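I am attaching a structure below and will ask some questions about it afterwards.
Chain nomenclature is as follows: A, B, C and D, assigned in order of appearance, with residue numbering initiated at 1 for each chain independently.
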Amino acid sequence: MTTATDTPMLSPSFNLSRVIADAIKLEMEADERIVVLGEDVGRQGGVFGSTRGLQKAFGDRRVRDMPISEMAFTGMGVGLAMSGYRPMIEIMFVDFIGVCLEQVYNAIAKNPYMSGGRVPMPVVIKTAGGCIGSAAQHSQCLWGTFAHLPGMHVVAPSSPYDAKGLMAAALRSDDPVIYIEHKGLLLSKLGDFPHGAEVPKGRYTVPIGEAATVRDGRDVTIATLSASVRDALVAADELAGQGIDVEVVDLRSVVPLDADHVAASAARTGRLLVVDEDYLGFGLSGELITRVLELLGPGALRGIARHGVANVPIPAARSLEQAVVPGSASIAAAVRELVARG
Amino acid sequence: MTTATDTPMLSPSFNLSRVIADAIKLEMEADERIVVLGEDVGRQGGVFGSTRGLQKAFGDRRVRDMPISEMAFTGMGVGLAMSGYRPMIEIMFVDFIGVCLEQVYNAIAKNPYMSGGRVPMPVVIKTAGGCIGSAAQHSQCLWGTFAHLPGMHVVAPSSPYDAKGLMAAALRSDDPVIYIEHKGLLLSKLGDFPHGAEVPKGRYTVPIGEAATVRDGRDVTIATLSASVRDALVAADELAGQGIDVEVVDLRSVVPLDADHVAASAARTGRLLVVDEDYLGFGLSGELITRVLELLGPGALRGIARHGVANVPIPAARSLEQAVVPGSASIAAAVRELVARG
Amino acid sequence: MTLDLMTYYRHMLRIRHFEEACLSGVASGEIHGELHTAIGQEAIAAGMVGILRDDDALVSTHRNHGHGIAKGVPLEPMLAEIFEKETGLCGGFGGHMHLFDPDRLFSTTGIVGATLPVALGHAYAAFLDGSDAVAVAVSGDGGVNTGGFHESLNLAGALKLPLVVLVENNDWAISVVSSEVSAVGSAERAPAYAAWGTRVDGTDPAAVAVAFAEAVARARRGEGPAIVEATAQRFRGHYEGDPDLYRTPELKEAMAAKDPLVIARRELEAQGIGTDHLDDLVAESQAQIDAILARVRAAEQPDPSRAHDHVFTGGVA
Amino acid sequence: MTLDLMTYYRHMLRIRHFEEACLSGVASGEIHGELHTAIGQEAIAAGMVGILRDDDALVSTHRNHGHGIAKGVPLEPMLAEIFEKETGLCGGFGGHMHLFDPDRLFSTTGIVGATLPVALGHAYAAFLDGSDAVAVAVSGDGGVNTGGFHESLNLAGALKLPLVVLVENNDWAISVVSSEVSAVGSAERAPAYAAWGTRVDGTDPAAVAVAFAEAVARARRGEGPAIVEATAQRFRGHYEGDPDLYRTPELKEAMAAKDPLVIARRELEAQGIGTDHLDDLVAESQAQIDAILARVRAAEQPDPSRAHDHVFTGGVA
């Protein structure tokens, strides 16, 4: 994170997807081994615009529209990496990973290990997660699914600054990286982000695996990521008016999981709430709470809690969706409940 | 669990896979809507024999060998269920689920919910997991992967009695059930199982979602499942000689997870060790520890720990494999470490 | 096997008006998720009308409203589901991409290529039942390049199962031109599956009906799978909100000339049907949909307390 | 393009003896996982010898030893990997189903159907490089029914990528007779992908060589993908330990008549090559493998403290 304060900055009227496209462009200029394969990444520049302009800049060999054949083109990432390229594979929505998980977890994630380190897999899987109203098959996050399977870094940025820096880090990494954008953030303007809204024009990286405290507080630590960081900050503002001082930690990546950072914060505040837009069970929240307690000892905290999509598919109707997906109001309620416990 | 002591019993020389085939046979006799689709389930009766004799008994319409087209025949389960059948789909090894997870988690698991309860999915996905020496792509357990995704029950029996009773329960359930056999147990003879070795000849069910204490102890609770139950019992015997009295809880299912049972045991012993042959991170162990602490309060236990495949693919060489996969010796060591902490 | 053009015209009008009702729900914010309409492709669904029985299965895609209408799914619960209402087919849990009408063996999925495996299961059920029911899977021209397409058609071919695949070829898979990423056309793939294949003009409902009826009849007779590829145009963006910048204004104009409703109306007029009569038909269809829309709008969203129902028959785990 | 029969015979001997060395490792318990040998199918791999360059990629299956040998992978590290030794190609981390020789662009996977997508990536790399290298994916007759087969061949056909698919048709996918679950033969699928396709007798190395060389030459010239289907017999169970009860003794006897080594030897004898000379060749090949086997046996298993290496370049997360 080396950015001088007088660096030229991207316009606050840009949206997040443009920042991501910009990050990819800078890395592709610097490294011609990077190629981008996916549906609608070329002529359209991505359904949310996060690869816009790349095909124009680099041609249709390096930025290629694919048929709806995710197994084939995810596997192409394996062959390309073995041939010395650094492929970025776009799976439009993370919900579709079920048609090609095989190449992701049995090849991309394991080839470095199975080859005894001889075959690195510098592959970025870029995909979009999160709820924007499209029900059970188009609203998932699934970072917990990837995190359970060894061999992949899993990042899910919350801010424009991180989105660019983590994309650059992912493209420069020699390890496989799953990069999960949030659909609900991609079209937001930089100026509207509560944190990390200032984005330098030049190249920089945000190291993968380091959490960041985005709001200091004394009473309770919220650890979360992706779009929920924004919601947690809104909740924290509301709670401040009610005398509850919330610290918000942005995990930024699920693997590696910066449990040290969260543990240090929770040790100070005494309470930990994990907020997760992914399914609650058998995922991030249980893992993070367990790791923090492993670090601090089981009795170290006054309170632990988690809040997320409680093991139910995402329903279609807005009324139902709001009942299952965490938002600022439900986060604030979860904090109040945790604090009320003592 | 209604079995009189004078019921006729299966021979102790039978192996586990024969018990499973027997369970399926009894249910298929009772309900002609059950059909079995999978690779090698018919002519061969399963690569481990756990569908042996079914095609002979019910014909090749109800028990059908499939091409290596898992997406197609898993999806067939969906259509068959919607047409009133109760399909059992065999995915030979759970490692192969990456080619067809789509139909499993986006259709089988979600259709009941997405249809507002109008389209039940009485589908059993039968598959085999666990390490028997075949390295990274043929040794996984992955119950944590299924458990993270809502809408599926996930069972993984440890004993012949449970294997039969849970299979019957799965086939009678109106919910989707993932039934994970352990490759390392399938060819073991009933008489060699340390618990649940006596299997009645007739039909019975073991309810899905209830853990069982298979060994009482005072000092520490081991919660585990599948083949690790056997290893935990061996470890417990060894530890008994060292003055550590271990209680072993067999979870039997991952979803529903009987955290109440584990919490009650851990509250008595004061210590909880979760042993998991699946990948350790973002899976069963973090979930179970968190749920137990949610039930008991964060400071209720003296010690918590977990032991499993610590986020590494399964290596080929025996020397490496033994270093990453939990066995009775490593379980005993983990217990000693936990107890030594206080 | 075909109906008269006037009847097709009415079916197409109904589908168009239904789709327009959906558009109004996006504009009003009542539909808050993605919406895909088949405006421009109505003749394909219209051509299917009357050929399938209730016990034939139909599994459709993200662009599914016309197929539901053709299968006889009642309009009001279907529209209510799309409008996320508790009176919907699925009580508001499913939404536009996840419509289920078990009474008519109609279902849909939002995952491209996922229709064929499910339809194959229905086809296998018909085989087990010893019935002559068939199963139809809809796919777009993009969906034919998925693995599930191949796996399912191969199995249907090997087992001679009654699977009919209706490929709606509108040239585009979102922004990807299908011919640029497909080695051969969809109908040409039939021999690889020992299937029967044909391509028809999907702006002509009678042509669709002839081909589709033939495919269904063959399947009913136990002659195995078939692929019917019907060509037509998608007039709007891939989904509502798609800026559709990947298609030029010239192309869009050329596409508009292939509006099946305009073509049919021109033909009806040529047959001597009066403009007034046709205008009456339009008004009548519109009024029918308007009445349904009004009732759908008046219905409630599902009660949020129900959000955890239906995960398991016995409640959430 | 073909080599002389004597040379093929030596290659086949080497493969057979290599496979038999592996069998001895199962018997001794040194190989503790699954093992699949290509005994009976040696002529296919032998026919590939000399046609591929180091910069051509070859992606093989669970039944991969012969292909590695044909690609020029050094025998000792390959055998050592299969024997789970630290001197193995992958240091003992991969094992028999997961062999990697990046210097020769040789790799394998234990997942059926997973070879084609990977080879397609190599083919795309050749296209990006502007080179005339090709990529070969091996599949069994069972693997052709996977979705990845279709997706990859379609893409290769649409983009005219240099992908050659070698289908080893041994009639069986474990216990499933492939013709019972395949709508048509593998070679017959070529037109669906605008590919070139042919079927050859896979017990005849020269016949394999002619077909394979033609497929590779076409791909090198930019004429797109090809499918070469070679028929042969798998003599042993699917894996060591498979009781193989699904094939009758009569069938096994009939299969044995198609032993490519017996056929070649008979032909060489008919050409006037003396029995002694042939016996010498056998002994020489055996001695070579025995020497390698002895060194492999003497090597160590990897140190258990290394078990967490290689997950990430920077260590475990």
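As a working rule, a contact is a pair of C-beta atoms (placed from the backbone, for glycine too) under 8 Å apart; a residue touches a chain by one contact, two chains touch by 3 or more.
Given the structure is predicted, the values throughout are model-derived calculations rather than measurements.
J.: Can you name the chains that touch chain C as well as chain D?
T.: For chain C paired with chain D, the chains in contact with each are A, B, in label order.
J.: List the centre-to-centre spacing of chain B and chain C in whole Å, with centres computed as mean CA coordinates.
T.: Those two chain centres are 40 Å apart.
J.: Indicate the whole-number Å distance between the mean C-alpha point of chain A and the mean C-alpha point of chain B.
T.: Spacing between the chain centres: roughly 32 Å.
J.: Measure off the straight-line distance from the CA centroid of chain A to the CA centroid of chain C, and report it in whole Å.
T.: Here the centre of chain C sits 35 Å away from the centre of chain A.
J.: Got the chain A residues that touch at least 2 other chains?
T.: Those would be 66-67, 69-71, 95-96, 98-99, 102-103, 106, 110, 113-114, 135-137, 150-151, 255, 257, 311-313, 315-316.
J.: Out of chain D, which residues touch more than one other chain, so two or more?
T.: In chain D, 90, 92-95, 98, 109, 111, 145-148, 151, 154-155, 158, 180-182, 311, 317 touch at least two other chains.
J.: Tell me the shape of the graph of touching chains, choosing from line, ring, star, complete and other.
T.: Chain contacts: complete, every pair touches.
J.: Provide the residue numbers of chain B that touch chain A in the complex, in ascending order.
T.: Chain B residues touching chain A: 71, 95-106, 109-110, 113-114, 135-137, 144-145, 147-151, 254-255, 257, 279, 281-291, 293-294, 298-306, 311-313, 315-316.
J.: Which residues, counting only chain C, touch chain D once they are in their complex?
T.: Within the complex, chain C contacts chain D at residues 145-151, 153-159, 180-184, 188-189, 191-195.
J.: Over in the complex, which chain C residues touch chain A? Could you list them?
T.: 32-34, 81, 84-86, 90, 92-98, 109-113, 142-143, 145-148, 173-176, 178, 180-182, 242, 245-246, 301-308, 311, 316-317
J.: Sort out for me which residues of chain A touch chain C in the complex.
T.: Those residues of chain A that touch chain C are 39-40, 42-44, 47, 65-71, 95-96, 98-99, 132-138, 310-313, 315-320, 322-324.
J.: Taking the touch rule as given, give the residues of chain C at its contact with chain B in the complex, in rising order.
T.: Of all residues in chain C, those touching chain B are 57, 59, 88-95, 98, 100, 102, 105, 107, 109, 111, 114, 116-129, 135, 147-148, 151-152, 154-155, 158, 309-314, 317.
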